[in-house]
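One chain, subunit A, appears in both complexes that follow, with subunit B as partner in the first and subunit C in the second.
Take a look at the complex of A and B:
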């Protein structure tokens, strides 16, 4: 599974960077940026639970899990 | 630089741009389209190796077959002539001089995808003459599928595939998230094919003269001709046609040659990259890749010796920052900051870490938007930092090599 950010919806609220700090950090303006620099970073299996939680709690519904 | 002489086979030649104006002249020269079924059209697109001429260079046959399969009779096809790039004029030229090739190509892709609707999306000024032409074609019984005209707003991102679909859906012409692709769900939710107008015109010629004829221009890897819009320090700025792999010097010669010694050429437009003004350099994806550039939509800007490449890049970056659609945070914030950083560097307002900051911002915004606007802008900035490396160092010390005539 990979994380996908719909940038047209993301408002930089910071929920995902808190819940998934192993994968995401905030950029200069508070928007999430993948630590591995990937556009759609792969979710390691131990973080799948946290990733699902981050997706569910995104207030803008901007974060998604995608198969490819 | 590697030897390139053996690779260059492309030449300046007129295929799309050849011929007289008007429907009668078009029919006298090329005749009506042969009757072809969907699999024949997709097959000839595959055999010819035709790629999209809007900039991305994706194989046409793959998009055609994907939309044909997903559409199952409900697909929508769009001829895209939006051409938001200020330094590009080839789509406008094509729609003005050879619109019948574009309209023929649109009929071909409509047949290949068994489409239910066809649209032509282009700037308002280009549409008025097309109305009368579409009527003349209808009277002549040329078009099986009627074509709807849609005005494209004058903005850099208005021709991006998902922005085109958004405009046709009655919303703003701004890019959308790519989790669902337009080939799956585009105009009215239907699988949608968006193809640049030049691409369609090539297809119209391939249908008449065959894939083998198309392959006789360009290189083995990148067949066919492309339209180039050449501006900057050249005698007759304008649109010329050449096979891929054409040496840069031949393209410049085709617009009357340079007005003065050139120091670099921007290839691929405002989202492109700077390359050395080497007359032997082939204009092909393969030869330009080491410079982080590609032919893209065929936009070339010639930079004369004595002009500052960092200044020119800062000007373009400022324009691109102004053209942000306003949807994606990293682009909204990052592009103006990147442009301002480059402007400081160009204007020799040095501060600690200025050059590194421009590169950091370019990497930070890359890949973080609904479309490639941040990526393309970052590519331009990074390419300028490499190509004008000596001037980056000079500017940090309050000097400018280009304008001082040091080169």
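Take a look at the complex of A and C:
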């Protein structure tokens, strides 16, 4: 599973960086950046639940999980 | 038994108002993009949702108990159709209106991922109408209007929501005020409208 950020929708509200701290960090403007530097970072199996929560809680609906 | 229904309806109505006040304040708090009320952002968001769902439970209890209450004489269509009730139709109508708005806001929120952010947001703004209508319903109808404790609770709720809206409208509200406005170049505006 990969995490996809829709950058036209993302407003950098910072909920996903809290819920997926292991995968995402905030840049200087609060937008999420993948720690591994990938555009659509792979979600490790133990983090799939947290990733689903992040997708669910994103206030802008900017996150999506895509099957590999 | 009918007295018990009446007491339950009053109590659940007051609890609903308090919960909805908390929901509005938390909703504004989650919009700020900042940790608010001593909670991290995801907790503000989750508490906003869960308090809203809990308020639905109390509103449902409030409505159902009044359906069986012999004094209120609430008919089934009074639950959805405002301003045609037997008992203080205007004030009861505000309750019905707030109920309809609450149902619309909650259902669109639960279907948010299917409806898309734009539709969801437009309906969600109705919360700013739903809350004052619910407050007026509480103040105007029921056997507790005019009691000091209901005034105290209502004023405390109003102060909380007005303070939250004042915070919402203040310049320091969002986390990055410098990037608050998304500007679209004038030459692209027409194309943007077409895409939308």
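Here is the rule we go by: the second predicted complex is superposed on the first by the 68 of 68 C-alpha atoms of A that agree within 3 Å, B and C clash if a C-alpha of one lies under 4 Å from a C-alpha of the other, contacts with A are read in each partner's own complex, and residues count from 1 in each chain.
Convention: a residue touches a chain if its C-beta (ideal position, glycine included) is under 8 Å from a C-beta of that chain, and two chains touch if they have at least 3 such contacts.
Treat the numbers as computed from the prediction; the structure is a model and nothing was measured.
In the overlay built on the shared chain, the residue A:29 is in contact with subunit B and with subunit C. When the two structures are aligned on the shared chain, A:52 is found in touch with neither subunit B nor subunit C. Once the two complexes are laid over each other on the shared chain, residue contacts for A:39 go to subunit B alone; subunit C is not touched. In the superposition on chain A, A:2 contacts neither subunit B nor subunit C. Look at A:19: by the touch rule set out above, it reaches subunit C but stays clear of subunit B. Once the two complexes are overlaid on the shared chain, A:10 sits against subunit B while remaining clear of subunit C. When subunit B and subunit C are set side by side, the one touching more residues of subunit A is B. In the superposed pair of complexes, A:66 makes contact with subunit B only, with no contact to subunit C.
Residues 9, 11-12, 29-30 of subunit A lie in contact with subunit B in one complex and with subunit C in the other. By the touch rule above, subunit C contacts subunit A in their complex via residues 30-31, 33, 40-42, 45-46, 112-113, 116-117, 120, 175-176, 179. Of all residues in subunit A, only 9, 11-15, 18-19, 29-30, 53, 56-57, 59-61 touch subunit C in the complex they form. Residue ranges on subunit B touching subunit A, taken from their complex, read 175-177, 179, 327-331, 333-334, 337, 363-364, 367-370.
Residues 4-12, 27-31, 33, 37-39, 64, 66 of subunit A touch subunit B in their complex.
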